[in-house]
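The letters A, B and C name the chains in turn, as written, and every chain counts its residues from 1.
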Amino acid sequence: MTLDVSLEEPLSPVPVGPVPGDLAPERRDSLLHALRHGRGLVGVVLVATVVVLGVLGPLVAPYGPTEQIKGANLLGPGAGHWLGTDELNRDILSRTLYGIRVDLVVVFAAVPVGAAAGVFLGLVTSWWTVTDVIAQRAFDLLLAFPALILGILLTAFLGPGVLTVGVVIVALEIPVFGRLVRTSVRTVREMPFVEASQVVGAGPWWVLRRHVLPNSLEPLTVQLAVSMSVAVFIEGAMSFLGLGVRPPHPSLGSLIKDGVRLLHEAPFFAVGPLAVVVALVLGLLLISQSLAEARRA
Amino acid sequence: MTRYLLSRLGSALLVTALASIGIFALIRLVPGDPVTVLAGPDATPAARDAIRAQLGLDQPFWSQYVHWLGDLARFDLGPSYKLGGDVGSLIADGALNTVVLTLFALVLAAVGAIVTSTAAVVGDRRWLNSLLSGLNTAAVAVPTFATALVLVLVFAVRFPVLPAGGTPPAGFFAQPDIALQYLLLPGIALALPAWAALTRFLTEALRTQMRQPYVTTARALGIPRRRIVLTQALRNALPSTVTVLGLQLGTLLGGAILVEAVFAWPGLGRLVEQGISARDYPVVQVLLLLSVVVFVVTQLATDVIHAWLDPRVRLNGVS
Amino acid sequence: MSTPVPAPPRRRLIRLAGALVVLLTLVTATACSSAVDDLKTSSGERKEGGVLRVGALQDIVPARIFTNSSDSINVLIGSVYDSLIDYPRDSLEPQPSLATTWQLSDDGKQLTLQLRDDVKFHSGRPFTSKDVEFSIKTWADPAWTVQLQRTAAAITGFDTSDEHAITLTFAHPLSNIFDLLDMLPIIDRDTIDQLREGKAFVGTGPFEFDAWSPGAKISFKRNDAYWRGKPALDGIEVSVIPDPQAQVAQLRSHQLDLILGASYRDFESLGKDDQFHVNQWAGAEGQVYVGTNVTNPALSDIRVRQAIAYALDRERVVDEVLRGAGVPISAPWPDYSPAYDEKANATYDYDLDQAKKLVDEAKADGVAIPKLPLTYPSENPIYGAIAQIVQADLAKVGIEVELDPQEQAQVIQQLIGAKFPALWILSHGYANWTPSTLAVSAYPFNAEHNASLYVDKDYQAIADKVWNQKPGAVDPADYATLSKALLDGSFLLEIAITLPQDASSTQVHDIGQTKRGEPIFYDTYLTK
């Protein structure tokens, strides 16, 4: 059980600010250690499995993601089609494998981009009071929109598509990481050794790079895992509302949507994609939990 | 305390004011012209201009904005462009449905969290902890739309014991027992992730309390564990939990969009969707502003409650 | 739930209390007065009155109230308004409604109708010949973008000297005049402004408009003074539920009595369930088609359009998407239409080789075919499925298509305004009426101005020719020429006739439907 699991509001309500001072090497190891054992290991295995499936998808998939197979209309799982076929005669297993890739892009591209942008903005603005106030209000503003409202609004500008999902996720992560880094900056700046280094002439960049960033790495790592699992949800929700990938291309969210629509006629349909989503989210959650735990230990 | 509250209030007002300008500008940047939507594709330029003037869209931006603020202040939001009816009543109708659903989910989540986490700490059995932890993780790892649909299929279609969606025909207050049944499935779907987050947090907070010296003292005095949890630890653990509860409210409102879509629940989420696709400026800008106001107010309220419950904040003004 | 150690009494008490809470919740949730049981009924006994709860996919759009472009508009028009004459669903023989008898002059340019003298609008005002004139002139006004606008505008003279009779003079004979009179709702001239704003819909029909909350509900109440006699139902409540899946779920849980929008697959599985009844309305057919904007550089080459026509797997659409409730077609007409021709109908049988050949020829001649957007309404699942089938087949013959699902209201707007960039999938009606109605009225076909922006002298000439003849006396050879003109032009590529379906619980009886697809609830009653 950890403190860092309020999934949707990733800023942990209890101060998780960094322990001041330089990171001791053994603490880095403890994070890695957490990922090699117990819950963390399970999480890593789950995520790695999904990633491998997604990366190797095109090699493993028996059919193309949009290939319509003559006569194979909504077949149940069987030898030819392990997960069955959909109402447009497409192989669900192949679609799931390709669908994972969309989520991988969202998880491993959009989230890091948003995180990097947030960290950068947070670092830069929090040093001076004026920019800090402005940035904080801007972050507040972005956080004030529920994710899906932001999604609907951005879709009005950009049209539905993977890119839109990515932009929404970047926009969501910037304030989250911005605020997290800001907390670190404010804490570290009060530290005697930082004040000392400033006295001997260290500029803001040096302090940010040498003291603040290393100190924020741990909470950032935990947050990254949490944000990634949120991103999987957002992709699913947006595809579910018709704001995500455009048909006929599959994503896990759109596959679940189709499967659930046909749950009466084809109860097997949603099982595969749903299992992948749950595995991915679960894996990321377990990783974030074990990291957070190791950090506090 | 007063100074702390005043500064919080000031920044809340600032965010709201900035948001109102941002939203007003943003909505006008959305591609697609409401005049075209309203006038129809075959309208003459003169007819378009007439409609534009009638809507005040020919005025400069700041004049439109000030005008809008005036309307907001008077609670006279005028007619919607496209969805029909008065903006105020559209939003009021939707808001009632969304608020009832969200509050219901919040209560479910909060009560559920208190019950499960005290059970976990009081019971403190390995199997109980694993069970709760498993349930908890499942509640977080399964997407809301999937739980919502599975609930419909199980409890409304396969075993039809609860309604599949829609709002109670007689309203929420005429027949509360019927209304409760309509609320139950969407409420559960919406509450599950919030319940999970709250449970985790509260359990952890309770555990922290149980490690405090006063608990050791109490145990030494022979006071049973259960009683310590229920009387002392819970009370001390609640303040920080209230903060999480406040944060969850925003999440719930966001999740309501999905749940409303699945359960054909005519709330604000559906209104936002329809409003944006129909380019109905008056409806959308008020809704967006509303979402900002709700967020700001919950944050403010959370801070206030937190300050009120936590003497350190109350006295020193640190958060 | 057992623990190895026997629990102390207090703990047991707590557990007992916990169990009680759970039990209590379950009891309140399921036992006391169940919302579901409340809605379910069991005996077959006829119920007096009652409100029929209908699920519709789309909301009403007041400015498009006369265009039949949404299912809730259909309910509104069918329930609130009457027309002068009625066609039975399966024929084109006019039957009396607000007009009791009629007389067409020998030259086909004048029609005198005797009107009922016992009809009142919902406002209480008596119905007169002036209302007929007003209603026709409203339809003729381009502002309402009505499909039969040209036919209404061809009525040039109105003799309303008798309150209970009207003589209409035409610019030329109108072969489809009775089509117009069947479709045209008689509206109240005093409340036209409220109608435009969606505040009041006043007609003479069996139900009165009661209230509309946009995006959610439209309700109607019984018109006790209806001239045919009081309807059995107390009222109708239409819920706008844009998600077909949600409609099916609510029908299954007995929160709705009738659903208008679900996929054919849903209807198929509902039909297998004893608790539900699926209606299929022969005579009110629609046609699902691929439209082409012929001004698009790629689509301006007829070979590309013909290639698309050859690449449409109509049999598969009928089998897999329409679940057999349809007929593959190349020409629009159903087999009972005077313009039906079996041979013409087989013009574009599925032939990917032929399609590929045509595309290659066009490309060889320098026609560039970029990725073409294919627009279709997102609400109704059949369009999405057909669009993806079309996309897959077109990819095989070398035409790349990008799917562009949009809300129905936006799609209709582009249809009316002829604003589609390239391809679109929609349904049209009117092929089951007098053939000229299709050629001069329907948005996608109107020879003067159609959604394809297809302009062709021969097509215009033959469309006018079949239009400018006396009703029922059109030369069959002209219809053959019309079909040929349509197929030669290939601006609108038919896929299949679709038989409209809806599903109701078995407690709903005697639902009707007009030829135009409006549900009729005048005779409808519920059983307990």
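Just so we're on the same page, a residue touches a chain if its C-beta (ideal position, glycine included) is under 8 Å from a C-beta of that chain, and two chains touch if they have at least 3 such contacts.
For clarity, every value in this text was computed on a predicted model and none was experimentally measured.
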item	value
Chain contact topology (line, ring, star, complete or other)	complete
Pair joined by more contacting C-beta pairs (B-C or A-C)	B-C
Centroid spacing, where centroids are CA-atom means, of chain A and chain B in whole angstrom	22
Centre-of-Cα separation between chain C and chain B, whole angstrom	38
Whole-Å gap between the CA centroids of chain A and chain C	44
For chain A, residues contacting two or more additional chains	260, 264
Multi-partner residues of chain B (at least 2 other chains)	157, 261, 277
List of chain C residues in touch with chain A within their complex	245, 248, 265-266, 269, 320, 378, 381, 384-385, 387-389, 391-392, 402-405
Residues of chain B that touch chain A when the two form their complex	11, 14-15, 18-19, 22, 26, 29-32, 133, 137, 140-146, 149, 153, 157, 193, 196-197, 200-201, 203-204, 207, 240, 243-244, 247-248, 250-251, 253-255, 257-258, 261, 269, 272-273, 276-277, 288, 291-292, 295-296, 299
In the complex with chain C, residue positions of chain B that touch it	37-38, 40-42, 79-80, 83-85, 90, 93, 115, 119, 125, 152, 156-157, 160-166, 168, 175, 177-178, 180-182, 184, 226, 261-264, 266, 270-271, 274, 277-278
Of chain C, residues touching chain B in the complex	3, 10-11, 14, 18, 28-30, 32-36, 38-40, 62-63, 142-143, 145, 197-198, 212-217, 239, 241, 243, 246-247, 249-250, 252-255, 407, 409-410, 413-414, 416-419
List of chain A residues in touch with chain B within their complex	1-3, 5-9, 11, 13-14, 137, 140-141, 143-149, 152-153, 156-157, 229, 233, 236-237, 240-241, 253, 256-257, 260, 263-264, 270, 274, 277-278, 281-282, 285-286
